[in-house]
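Below is one structure, written out as C-alpha cells; the observations come after it.
Labels run A, B and C following the written order; every chain starts at residue 1.
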Amino acid sequence: MDKDLIARGVKRCSPRQFGMWLAPWVALFVFGLYSAGLCLAKGLNQTNMDNRFVFGLWIFLDLAIIALGAGAFFTAFLLYVLKVEELRAVINSAVVIGFVCYSGAVAVLLVDVGQPLRSWFTFWYPNVHSMLTEVTFCISCYLLVLAIEYLPIVLRNRRLRDVPGFLVFEHELHKLVYVLAGVGTFLSFFHQGSLGGLYGVLRGRPFAFREGLALWPSTFFLFILSAAAVGPSFILLTTWLAEKISGKRLVRRRVFDVLARISGLLLAVYVAAKALDTLVWINRTSPEAGFPAAQYYSWRPFGTWILFAEIVLFGLVPAVMLLVPRVRARTGWLVAAAAMACFGVVLNRFVMTIQTLAVPTLSFDPFLSYYPSWQEVGTFLAVIAFGVLVYSISFRYLRLFPEEREVRQISFFTTETRRHGENPKNFSVSPCLRGE
Amino acid sequence: MNARYGMFIDIDRCTGCGACMVACAVENNIPPLPAATDRKGVTWIRVYRIGNGQRSAFVPVMCQHCGQNAPCVHVCPQQAVDVDPATGIVGQMPQRCLGCRYCMAACPYHARYFNWWDPVWPRGMEQTLNPDAAPRMRGVVEKCNFCQGRLHRAKESGGQFVPACVEACPAQAIEFVDLHQSPPPANSFRLLEKLGTDPKTYYHSKRDWVREIANAPGPGGAPGAGKENRRG
Amino acid sequence: MFPWNYGFHWTAATVIFLGAFYAVLAAVAATLLAAALRSRRDVRAHAVEEIRWQSDFDSLPARDRLCRHAITGELAGRECPNGFDCRTCETHTRLATAAVLAATRSIPAMREKPEVEIYGMNYPVDRLYHRGHTWVHPASDGTLTVGIDDLGRRLLGGADAIDFPQRGARLRANGPVFTLRRGSVRVRVLSPVDGEVVGAHFSGPAWFLKVKPLNGGFDLRHLLSGPEIKPWVAHEIERLQLALAGDAALPTLADGGIPVDDIAAACPGADWDAVCGVMFLDG
C-alpha cells in the first residue's frame, strides 16, 4: 500500500522508519496545537507580549519565514518567466516550502490577532492606505496561489494519477502554471514589500521610520530585495538538508551553483542598498525626527555590533562567498554561506520587529525587554513541526525533485567510474551521458 | 458643532496622586483585571514620574489626539481608527478592531491599550458601571477618547462637557479646551513634536529641567533618563 | 470591498487597490476554470491516455528522450520533441528520405546489414519495433500482429498475469495495450500502433494481438526497422544497465554478454518496478 504511493524509481525508507522520523514532530505539533489552543481559548494573556511589546516572537518569525519562503515565488519567477531551466529540479520543493511557510505564517497570525473571528473585517472594510491591508490581501491571495500550485504536485502522485480526472486536470493546470507564477510574483512583490513598509511607515517609531521612494518607504524595496536574495539560498539549504537527512543525491550540483549565484548577486545588491539606506537614515531621517541614531545603540544588548552583524558579517561576507566560484565549488562553504545569508535576513527581521519595539520613544520612558512565554514558543514550534511534517510526507509520496531518479543513476555511474578508473569495463558510455 | 478639542496639562501642578487614572477607569468601565501587570493593564491615562536626581515631577500621558495625520489612523487595516473632523478626537472603534495591535506599535506615546483579558467585574460591582460607556471585549485595542459618553450626553443636551480626569484632578492640572477658542499658552510644548504628529495635548512647566527631560532629543537624551524615570 | 460597505470611499487609492485585488482573483479563478474546462474537454474526447503519455514522456530524463536518428548516429544528441511519434516529425521525414536516397553512403548504421540476433536476443528483421519494446508484424490480410519484443520478454520473465485489451478495443499509439503483472510490479506496455483489436492469440508461452486498422491502413513511420534496430537495442541495454546500476552491482552485461532469459530472477536486489518503468516507458 505504502509502496504503491511512492514514485517509481526512487528509494524511500521503510514505513516503520518513516513513522519513527515523524513521531517526534507529531508530538511537537500536538504540543504546539495545545499552546495555540490555550492562546485562542484564554486569550493573548497567555503570551508575554504587553502593551509596549505588542509584537513578539510570532511576528518576528512570521516575517522571517515569509522572507525565507520567498524562494517559492522567486524560483517560479526565474523558471517560468525568465526560463532558468536548471531550477525545474527544485521548483516542486520550492512550492512546498513556500506553501509550508505561508500557511504556517497565516496560522500564527490568526492566533496572534486578538479577535481571529474578525479577520474578514480587513477584507470587508479595507483601509487601502494601511500596509497591513496590503499584507493581508497579498498574503492570503498568495497562499491561495501556492495551494493551487501545490495541487498539481499532489495530483502527480503515482496512485492519484491513475484517476483520469486528476491526471488530466494536473496536466491542464500545469500548462497554465506560468499565469500563477506571474500572479504569485506580483503578489509576493507587494507583500514582501509591504511587510517592510509595515515598519518603514511608522512615523512614531524613528528607529523604523524610513523616507519614501515614490509611495513606499525604502524598507519596502529592501524587504523585496532581501527576500528575493535569500529565497534561493533557503531553497539551497533545504535541498541540502533533504539530501543529508534522506541520504540521497536529489539534484545535480549545477542547480546549487545556479541558486548560489543568483542569491549571491542579489544579496550583494541588497547589502549595498541596505548600507546606503542606513547611512541616509543615520545622517538625515533619524536626526530630523529628533532622534540621534547613536541612541538606538546605547541600549544593551542592542549595540552597534548588531548593525555590523546584519550588514557585514551576515550580508557582505556570504554575498562574497556565494559570488566567488572557488568558494562556491565546495559544498561545505556553499551551504555555510547560504545559511549565513538566511541568518542575516532573519536578523534583519528581528531588528525591525524587536528592536523597534524595545527602543523607547518618550524620553522619560524606560527601555523594556521581552522574553516569549512557553505558549508562544509552543505555538511557533507547531508551525515548524507542521512544516517538517508536510514536507516529509510530500518528499516521500510526491516528486519534489524530478531529477532524483536520474541523479541516482548518474551518481552511481560516477562513483563506479572513479572506482574502476577511466572506463569501467561493464559500461559503454553513450554520448548523451558524458558531460553530466 | 465644529471644535478642535485638546488639553493643557500643567506639569508643575500635578502631584502624581493618580485621581485622574481612577476617575478615567470608573468613567470608561475599565475592568479591574486582577492578573494584570503594569505592562499588561489598561489605563487610558498614565502618570509618569520624572526626576533630575533631586526633584521629581509627574507627567500624565493619555492619547495625545494627534492631527489629521495621526500615526495610528492610516496603519489600521480596517478603518477602526479615525480622526473626527468635527471634534478633532482620534476615535477608536472597538467593535471593528481586529486586535492586530499595529496601531499600538505605531503610537509613539504608548497611549493605546490592548485587552489581554476578558473584562470581568467582581460580583455586585457591575452595578457601578457607567451606562454611557460600552465595555470592550477581550482582544481589542482601546484608548482615551476624551470621554465619548460625556461628549454624547453634551451633544444631546446641548451643554458643555469635560472628561472625567479633568473633573477629578484635585490640583486642576488638566484643562480641557477647544483649541479653536483657546490657543495654547506661551511656553507650552507638545511631546515628541519633531515627529510631526501634531498632537492636541499641550504641556506646560516653568521648571527648566522638566522641560529639558520632556523635550529631550529622544530617549536617553537626558543623562540617566532611562534609569531615573519610572512609570506612574 | 464593495461600495455599499460602511467606510467605502471612491478614491483613486481604493480603485487601484481593489482593482488589483479583483484582477488577481479573476486571474486565479480564470486559470482554475480554464484548467477545469479543458480537463472536461479532454476526458470527453478520450484524450486521457494521450495526455498520460505526453506527461510521462515529458518527465523522462533527457537521455531517454533521445531521437531515433541520434541513436543511429545520424544526428548528435537530438532530443525527440514529438513524444516518439515520428509520423508528424519533419526531421524524420527528411532523414528517412535522405537515408533511402543515400543508402550506400557512409551513415554507419545504414551500411550495416540488419541482423536477426542482437546481443543474443532475437530481433527478426521482418518486424517493426516500438520504443516501448513491442513489435509489429504486418500480415498479408491487412491486419497487424503486435507482440512484446525479446528484451521486453526477458525483463518481465514469466509475468504472473497479463491483461489483454478486449476484442474491439481501440488502441492508440503510445497508449496502453497490455498490462503485465509480476509480483507487486505492474507495468503498462505501450501500444505501437493505432488500431482496433481483433483478437489475441496464444501459442505456448508466446502471445500476441491481432490488430486491424481504424480507417484505411496503418501508418508505421514511427516504428524502428532494419538497420536502426541494432543501435537501438544497444542503447536500450545501456539504459537497462543504468537502471539496474542504481541498486546493486549486478551480474550485468559484460561486453558481449547476453541478457539472461529472466533478468528479474537474476537480479533479485534490483528495484524491479523502477527498472520496468524505465524500460517500458511507463512513468
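Throughout what follows, a residue touches a chain if its C-beta (ideal position, glycine included) is under 8 Å from a C-beta of that chain, and two chains touch if they have at least 3 such contacts.
This one's a predicted model, so the numbers in the text were calculated from it and none came from an experiment.
Taken as a contact graph, with one node per protein chain and an edge wherever two chains touch, the assembly forms an open path, each chain linked only to its neighbours along a line. Across A-B and A-C, the chain pair carrying more C-beta contacts is A-B.
Distance from each chain's C-alpha mean to the overall C-alpha mean is smallest for A. Taking the mean of C-alpha positions as each chain's centre, the chain lying farthest from the centre of subunit C is B.
Averaged Cα coordinates give subunit B a centre that lies 76 Å from the centre of subunit C.
Spacing of subunit A relative to subunit C, judged by their CA centroids, is 39 angstrom. Shared interface positions of subunit B, defined as residues touching 2 or more other chains, are 79. In subunit A, the positions touching at least two other chains are 124-126, 129, 133. Among the residues of subunit C, those touching two or more other chains are numbered 7.
For subunit A in complex with subunit C, the touching residues are 3, 8-11, 123-126, 128-129, 133-134, 137, 141, 144-145, 148, 161, 164-165, 167-173, 175-176, 179-180, 183, 186-187, 399, 402-403, 405-406, 408-409, 412-413, 416, 425-428, 430-433. Partner subunit A is touched in their complex by these residues of subunit B: 35, 37, 39-41, 48, 50, 59, 61, 69, 71-72, 74-80, 96-102, 104-110, 112-118, 137-141, 191-197, 213-222, 225-227, 229-231. Remark: subunit A residues 43-45, 50-55, 112-115, 118-119, 121-122, 124-127, 129-133, 136, 198, 201-206, 288-292, 295, 298-299, 356-357, 359-368 touch subunit B in the complex.
Here subunit C touches subunit A in the complex through residues 1, 5-7, 11, 13-14, 16-18, 21, 24-25, 27-28, 30-32, 34-36, 38-39, 42-43, 47-48, 51-52, 54-55, 59, 61-63, 66, 70, 76-77, 184, 234-235, 238, 241-243, 245-246, 249, 252-255, 271, 273-274, 277-278, 282-283, going by the rule given at the top.
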